[in-house]
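In the two complexes below, subunit A is the common chain; its partner is subunit B in one and subunit C in the other.
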Partner chain A sequence: MSPTTAAWLALACPLAGTIVNGLGYKLIKGKVPGIIGTVALAAAFVFAVIALLSLQGRGAEHRQLVSSLYDYAATGTIDAKLSILVDPLSILMMLVVTGVSTLIHLYSLAYMSGDRGYTRFFAYLNFFVFSMLLLVLAGNFFLLIVGWAFVGAASYLLISFWYRRTTATSAGIKAFVINVVGDIGLTLGAFFILKNSHTLDFLGTFSQAKALGANHHGDLTAGLILLLVGAFAKSAQLPFHTWLPDAMEGPTPVSALIHAATMVTAGVYLIARMHPLFEQSVAAADVGTIIGAVTLFVAATIGMVVTDLKRVIAYSTMSQIGYMIMGVSSGAYVAGLFHLMTHAFFKALLFMSAGSIISAMGGEQNLNKMRGFKKAMPFTYGCFIIGGLALAGVPPFSGFFSKDEILLVQAQIGGWHWILYVVGYVTALMTAFYTWRMIFRAFWGEPNEQAQTLIDTGHVWHAHEPTNPNNGEVEDTDVGFPGPEHHIAEQALPMKLAMGTLAVLATVGGIVLIPKTTTWLDSFLEPTFASSSVVHQASDGKLVLGLVLGAVLGLLGIFIAYTIYGKANGEIAQGLQARLPVLQRLFVNKWYFDELIDFAIARPFAWFGRFGQQTFERIFVNGALIGGPSTLVRAGSAAVRAVQSGFLRAYAALLLVGAGVVILYFLIQSS
Partner chain B sequence: MSLPLSIPLWLPAAAAFLGLFLPGVASRVLVILGALGTLAWSIWAILDFERSAKGLQDVTDQVWIKQLGIHYKLGVDGLNLFLIALAAFIFLACLVWAAMKEWENASLFFFFLGVAESAVLGALMAQDLALFVLFFDLMLLPFLFLAGIWGPEATRVAAITKLFIYTLVGSLLMLAAAIATGVLVAQHSGNDISFAFSDLAKTPLPKGSQEWIFLCFAAAFLVKMPAFPFHGWMPDGYRNMPLPVLAVFSAVLSKVAAYGFLRVVLPIFPDASAHFQDLMLVLGLGSILYGSAMAFTTSEARLVLGYSSIAQLGFIVLGIFALNGDGAQGAILQAVNHGLVVAPAFVIVAYLAERTHGSEDIRDMGGIAFRAPVLATLFLIVTFANLAMPGSSNFAGEFLILLGVFHSKLVIAAIAFTGVGLAAVYSLRLFIRTMHNRVGAEVVSRDISFREGLVLVPLVAVIVALAFVPQFALKKGAPSIDRAVGKAQLITQPEITAVK
Partner chain C sequence: MVLAAISKPTIDWAGVSPIIALLGGSIVVLLAGLLRGRFIREQLVPFLTVVAFGATIGLGIWQWDEAKDLFVAKGSQGALRLDDLTLMITFIVAVTGIGAVLLSWRALAPREAAHGEYFALMLTSAAGMVILAAAQNLVTVFLGLELLSVPLYVLCATEMRRERSLESGLKYLIIGSVGSATFLYGLAFIYGGTGATDFRDIATSISGGAAHDSLLLTGIALTLVGLAFKASVAPFHQWTPDVYEGAPTPVTAWMAVATKAAAFGGLLRIMDVALIDAHADWAPAVAALAAVTIVVGNVGALSQSSLKRLLAWSSVAQAGYLLAGVVGASKLGVQATVFYLSIYLFMNIAAFAVIIARERETPFGDDLRAVAGIGTSRPLLAWPLTLAMLSLAGMPATAGFIGKFTLIDAASSAGYTWLGIVIVIGSMISLAYYLKVVAAIWMRPAAVAAEVTTTADGSPRLAGADPAAERADWEVTLVAVLAGAAIVVFGVIPSPLLNLAADAGKSLGLF
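Then we have the complex of A and B:
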């Protein structure tokens, strides 16, 4: 089977899953929808592997394949085909997406059972994977934008999955609208590039990269910065990040799949895909690098003070993607994608473990209410530790190698990139701290009510009356709120299987690119980045410095977290917060980004709408100017009402008179 | 080519007329059969349409009033092909929908709808300016009656008065402009007077004459669309039409106005079109921004759609006055798309109102999705299409429009993009406030019945089908559309045309 055939089939599997679950929702009962969804994804993964093997069977220079089905929208100036591009980069993304997705589907099989929207959930989830595959396989800008928007739509549907919660629907619309802003950036950016390249096709555009950079540098830079807007919106980078923490309203498997492992990494993929263009525009690449660096730092500061378990992980995701964006923007393509892959493993694992705790807590996500789950949930605890070690960058876990690889490149470039290097390592310390704060908080200490119930009875604790944890509204679990059942990894084999697999991957995932030892990932991605002019040759000194620094800072962060939250009960942190009120307020209020967007965009728009309603619509549309003639007529409305056809006569008469006058005028004129 | 265009054109009206004399259900069936016949013909016409052929196909040309040079000339080309099909399809769907409801004086109601369909088709097929003006005015009359007789008793008179005054002013201006065009062209060319488009386009008028004639036509078309700030009749007009009537009105009539620009204005008054390009672009932009803001703040479901139509038609105006092939092709595609989206949207509003004890206020709705998954899914598809999500055919149209404007006026395109974001806001707001969130006090949710589905499902199915192959609608129209904008494009962008 050729790689492109396999890729088309991989694309078809989740779509088929969506259609079967969507159309057959009345016939399919019990766990069958979940099984259909999971099997569809497993099949997609198999096809991704086939595509990989088939592609590796070809010579290195024949590993970029394009296949197109038909003209989607072609006119004189655009050539949008339904075409896919299969190369090592898209294969890597396919493998990560389908692999992690399969595991998350498996997890959801148990986690979501009991939920009223079980079938709908799997239909959406499959649709998401289809969209994501479309995004990474797209062979031209048009299809890329389509995949990009589909992913946003799927994300919206899943965030507001529990749609009776107003908190969920408002988080959904926020995510969707910010994603649309990203789509706009992408579309407008594509226009700027299309203007000079005259093709939407990727390979066609890349082959002209040098000429575009030389002759149309301004347009190219503008186009690339607009593409970055798209990347930032999807990857939750500043200032388009505010939707991601709110997106935690969705069910936990959604957070694991979309808002950690796959969708949010689309921006990283986009920059890597566009690397021939970015290499022609230093300014655009620097914008990406700097925004990535700022995001990774800001997100980590917020992550240290947030008290919602899933939101801590969400900010951590933002921060980690900041690393990747910084990496790929500064030419560290393989390192960035390496981190993308390992991050997908350990972040999905962390979210799954978090889901297990949240289930045990009966839907409650507040970290301050969790305590002492170590004994009650040993498996979840173990998984959380493995994920935490990988995220903190402790050797030999996967995150250790990938993060250092990105920062090493900054050291190699030198100059002002040394600042990024320092920021990166300072943030690594914060990362280890906030990650282990979660672990010490939730698992250590005296078991709380929920943990104790689990230890004593072996059953999961249930709230007497389910409420929305965000605003306390009472919920009716019968109508599309989270189901009455709660599932934890300890008692559900599918969840255990999924988490176990990811735990192994998070531990050994770094093996594909160990400095001085393995270069598998490097040589695999070589064909995609062969044309790259950026070459980084790390010196041994910097390499060792980076590795040691990473390991030491990771362990130090864990130690600090232990001192504050493991040994004690957070008193030191409270004292620190009292002493630094300004910083505390800044972090807790998330650097006031929500307020800024509200003030700069949402309010002026709403004001404009109200202004229009109260002035123009009232005065001109309903009021004096137009109302005047209507009032006149209303005086004689009794007659009018009696004979509706009066209008016809009046109309015809006026038309005739008008026409007569005009004809007369012109006949006189022309004679 | 055998079937004269007059047959599909007059079939609905003829059926409607016969229906007047038939009792009860038979009259409805007859009108529906008439519309069905026309739709069947239009599908056949699309399949049969020869892309490569130059100019009009299926032409019927007879001198009607010799002294005034008015021809009864009809024809089909890439410009009106899909709009005719749109009109035939939407009319049929709405007739079926209306036939399921009870109406006072039903046979008269269906008579007016049948006449309206013929008038719309006439305006789309007409290849003579006088004939076009006649049909253009004729198509409004049935709607005045439909709103005036079957609208809510308390407000309908005021509403149709407003609608009447607005469109009358527009119509008179257009009539004057049409006559002036015919006379002036005859003067300049020295030939006998003729209103056929083909004759009018041959002799360009002096720029001064073109300009005032242009403004008259533009006023008439912009009122009918409606575009900001000529939409004063819209809110009351929309409130007072029964929903099946409104669906047709909003989906089809506004498109005839947009079509008028491409059929009449651009080819015959190219200099004026180029001269007023900026003005028209700004009006389009104004419609987008203003319509979006209003759609976002109103709470009446049908007015959300009304204002959203203003915004969408703003995009179409932008596409037309980009004055290049991309923009115009996008505009025609978008005209078809918008018609296909707004009609099911009104159907859905009606279904929602049936689930909230008749209220169309979105504040009374909410949570309807729970017992109505099929309705929710169909509504979701319509919502995504309405906000022109990439992957829908609407996106292909909007993409081309914006690309066209991008090539001619970069700044306008950049501002117009905000309209894309705003569309997401107001479309999703309507969806969420009706289908999601807490259940409204009066809401009784239930899924759509088979009868309800009979109307809605085909409408949505066409949206989905077109999303896979927008190329289908683009390819056949391209040559005619390029010709329609050719002259004006040559004036504004000589270098681009020269390259081609």
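Then we have the complex of A and C:
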């Protein structure tokens, strides 16, 4: 099978899954929708592997394949085709997306079993995977924009999955609005590039990259910065990041799949895909690098103080994606994608483990109420430890190699990139700290009520009338999770299977690119980045320095977390909070970003709106604008109706008048 | 011996065959209608009509990609021209015909007017439409126009016991005659200005220096007005809402689509072949007419609650959009116009089929209340109507989006970007009334039937309501569903249809 055929089939599988689940919801009962969804994804993964093998069977120079299903619209100025681009980059993304999705579908099979919206959930989830595959396989800007928008829509549907929860719906709206801002950026950016390249096709555009950079540098830079707006919105980078923590309102598998492993990495993919263009515009690339660096630092500081378990992981996701964005923007393509892959493994694992605890807590996500789950949930504890070690960057776990790769490139470029290098390692210390803070707080210490019940009886019951943990309002169980009894990871085989697999991957995932040992990923991605003019040849000194620094800082962070939360049971933390009230307040309030946006954007707009409503609207809008067009339309409507009298003589008269005017025009024309 | 001395025109029978199928079909149908059996009249006659339309399509496919003159008499270039443009218009007319026959099959109108006559008139007007689109001689153009119009006047009045139907037929006849007279007058002026009736001779004469002849220019103006009348271009549109509303709904569906296709086919051929060298003179006038039409049509539709009137005003607006493809006199423009005409077919047939279905199921006639709440009760009708409305408004992923897109593309590449902007503004206004229908379908509860059995003026039921029976006919639903499906299919995979339209665009020898 040719790689493109396999890719088309991989694309078709989740689409079929969503159609079957979406249309047959009345017929399919019980666990069947979950099985359909999972099997569809497993099949997509198999096709992705076939595509990989088939592509590797070709010569290195023949590994960029374009396949066009049909021309959508080929009129005068637009060449919109339904075409996919299969190359090592898209294959890598396909493998990550389908692989992790399959595991998360498997996990959801058990996790969502108590939910009334079981079928709907799998229909949405399949739709998301279809959209994401469309995004990464798109062979031109047209399909990219479609996939980009579909992914945003899928994310909205899944965040607001429990649609009777007010907090969930407003989080969904927030995510959607910010994502649409990104969509607009992406679309406008594509137009700026199309304007000079005269083609929507990726390869066609890239082949003109040099000419575009030389002749239309301004347009190219503007277009790329607009594309970056799209990337930042989707990947939750500053200042478009505020939706991601709120998106944790969605079911935990959604957080694991969309808001950790796949969708939020779309921005990283976009920059890597557009690398021939970014290399022509230093300014745009620098914008990406700097925003990535700022995000990774700011998010990590917030992650240290947030007390909502899932939000800690969410901020950590932002921070880790900051690393990736910084990497791919500064030419560290392989390193950025390497980190994307390992991050997908360990972050999905962390979310799943968190889901396991949240399930046992009856939907409660507050870290302050969790205590002593070590004995109650040993399997989850083990998974969390593995995920935590990988995220902290402790050797030999996967995160260790990938993060250092990115920072090594910064050291290699030198100049002001040394600042990024330092920021990166300082953040690595914080990362280790906030990760292990979660572990020590949730698993160590005296078991709390739920943990004790689990140890004693083996399962937990919760009230029949569940409440929304965020605002205490009574939950509508028609669409709400969970039901009265909670199955937890220790008991559900599919969840264990998914977490186990990811734990193994998070441990050994780094094997594909170990410095001085393996170069699998490097040589695999070579065909995509062959044209890249950026070459990195790291000196051994810097390499060793980076590796040692990474390992030491990771362990140091864990040790600090242990000292504060593990050994001293949190008293030091309170002491610190009391002694550094300013920092604590800054971080707890998320650097006042919501307030900043409120102050800098929302308030002025609200003020402007009030001013507009009170003065501007009454006088200008109501008078001239609404009063203008609507009076005009109304008057026009009245005039049209008045003329439309039903009397033939009136019709004939107008016909003659009209004919008279047309004749007059032609006669004036002739003179 | 004697016969050999008479010069006779060369006739390419293969090329004429689609028209023969229509005219021959109409004779067969008329004769079959004379037979007594109820089965023959009510089943066989419509069936034969469908066969005639089908044969026309088949023969058209056979002749596809031919380019030849038909009926070439000595010293003339041929009365008709068979090329891909003619054939595309033929296909549009014939497909509409099949739809209209299915919609008329169990309708009131043919029962009142006798089946044979009703369907024979339909086939005759179809032949007129094909001739209008194929004509390349001033005389044949007029012949086509009249052959198209006269049967339609009669068809409008076929529900003989309903006052509004008679009124609409009479109105159409009188106002239509004024239009025809204007058109004929214009043709005479063109002949006077150029001394030729063949299109290509006229073109030669204009390029030879007749371009600023006031006789010719007056002729162009009057011809334009005549065709604008048939295509319901403002300010010559006023018959449209009255006639659409009064005519039996299957007839409305038939003339809304097919007449418009034929009128635009004729307009394209006259403007782009005969008058191509006067392009600089007529293009601004056509653009101005287009803008006026878009505004008037959309504004007029705003306050309508009768679906047929709403669609009538909408068809005025659509005629304005279509003119944008004529303005450029380019290959792209012809392609855009022909493409839009073909999808216009599906959008209107879908909408009218649903209206007919609801007229037969509810006592509300074509009032907006008839479709209220069908989203839950009749999804097979709700979806086609929704799709038709969204497509008429130009929503992406429907065929209407691609159609408007190509029209705007054609207008702006001809230097009329402002007209493209007018199209966009018009579409924005149009959302107000298209979405009103969609909202009624999905968000409003079904209206209670007992509420309205008589209207304010005491006449029983609303216009078009069929008093015979309240029933659901499968063929109407089928037509609606097929047309609705076509809207989506050509919205997602437009390239086959775009390629056909591009072939039609190439046939006029434009750039």
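Miscellaneous remarks
Please note the rule applied: the second predicted complex is superposed on the first by the 583 of 671 C-alpha atoms of A that agree within 3 Å, B and C clash if a C-alpha of one lies under 4 Å from a C-alpha of the other, contacts with A are read in each partner's own complex, and residues count from 1 in each chain.
Methods note: a residue touches a chain if its C-beta (ideal position, glycine included) is under 8 Å from a C-beta of that chain, and two chains touch if they have at least 3 such contacts.
Keep in mind that this is a model prediction, so the values were computed, not measured.
When the two structures are aligned on the shared chain, A:Val504 is found in touch with neither subunit B nor subunit C. Residue by residue along subunit A, subunit B and subunit C are tallied for touches, and B comes out ahead. By the touch criterion defined above, A:Phe142 lies against subunit B but remains apart from subunit C after alignment on the C-alpha atoms of chain A. In the superposition on chain A, A:Phe191 makes contact with subunit B only, not with subunit C. By the touch criterion stated above, A:Val177 is placed in contact with subunit B alone, subunit C being left untouched.
Touch criterion not met for A:Val544: it reaches neither subunit B nor subunit C.
Looking at the shared chain after the overlay, A:Met1 reaches neither subunit B nor subunit C.
When the two complexes are overlaid on their common chain A, residue A:Thr166 makes contact with subunit B while staying clear of subunit C.
Common to the subunit B and subunit C contact sets on subunit A are residues 70-78, 633, 637, 640-641, 644, 648, 651, 654-655, 658-659, 662-663, 666-667, 669-670. For subunit A in complex with subunit C, the touching residues are 70-78, 633, 636-637, 640-641, 643-644, 646, 648, 650-652, 654-659, 662-663, 665-667, 669-670. Those residues of subunit A lying in contact with subunit B across their complex are 22, 25, 70-78, 80, 120, 142, 145-146, 148-150, 153, 156, 160, 163-164, 166, 169, 172-173, 176-177, 180-181, 183-184, 187-188, 191, 194-195, 479-480, 605-606, 608-610, 612-613, 616-617, 620-622, 625-626, 629-630, 633-634, 637, 640-641, 644-645, 647-648, 651, 654-655, 658-659, 662-663, 666-667, 669-670. Within the complex, the subunit C residues that touch subunit A are 171, 174-175, 178-179, 182, 212-214, 217-218, 220-222, 224-225, 229, 235-236, 238-239, 241-242, 281-282, 285, 288-289, 295-296, 299-300, 302-303, 332, 335-336, 402, 405-406, 409-410, 413, 429, 492-495, 498. Considering their complex, residues 137, 141, 144-145, 148-149, 157-158, 160-162, 164-165, 168, 171-172, 175-176, 179-180, 183-184, 186-187, 229, 231-236, 290, 293-294, 296-298, 325-326, 329, 367, 369-370, 373, 377, 384, 387, 389-391, 395-396, 399-400, 402-403, 406-407, 413-414, 417-418, 420-422, 424-425, 428-429, 432, 435-439, 469-471, 474-475, 478, 482, 500 of subunit B touch subunit A.
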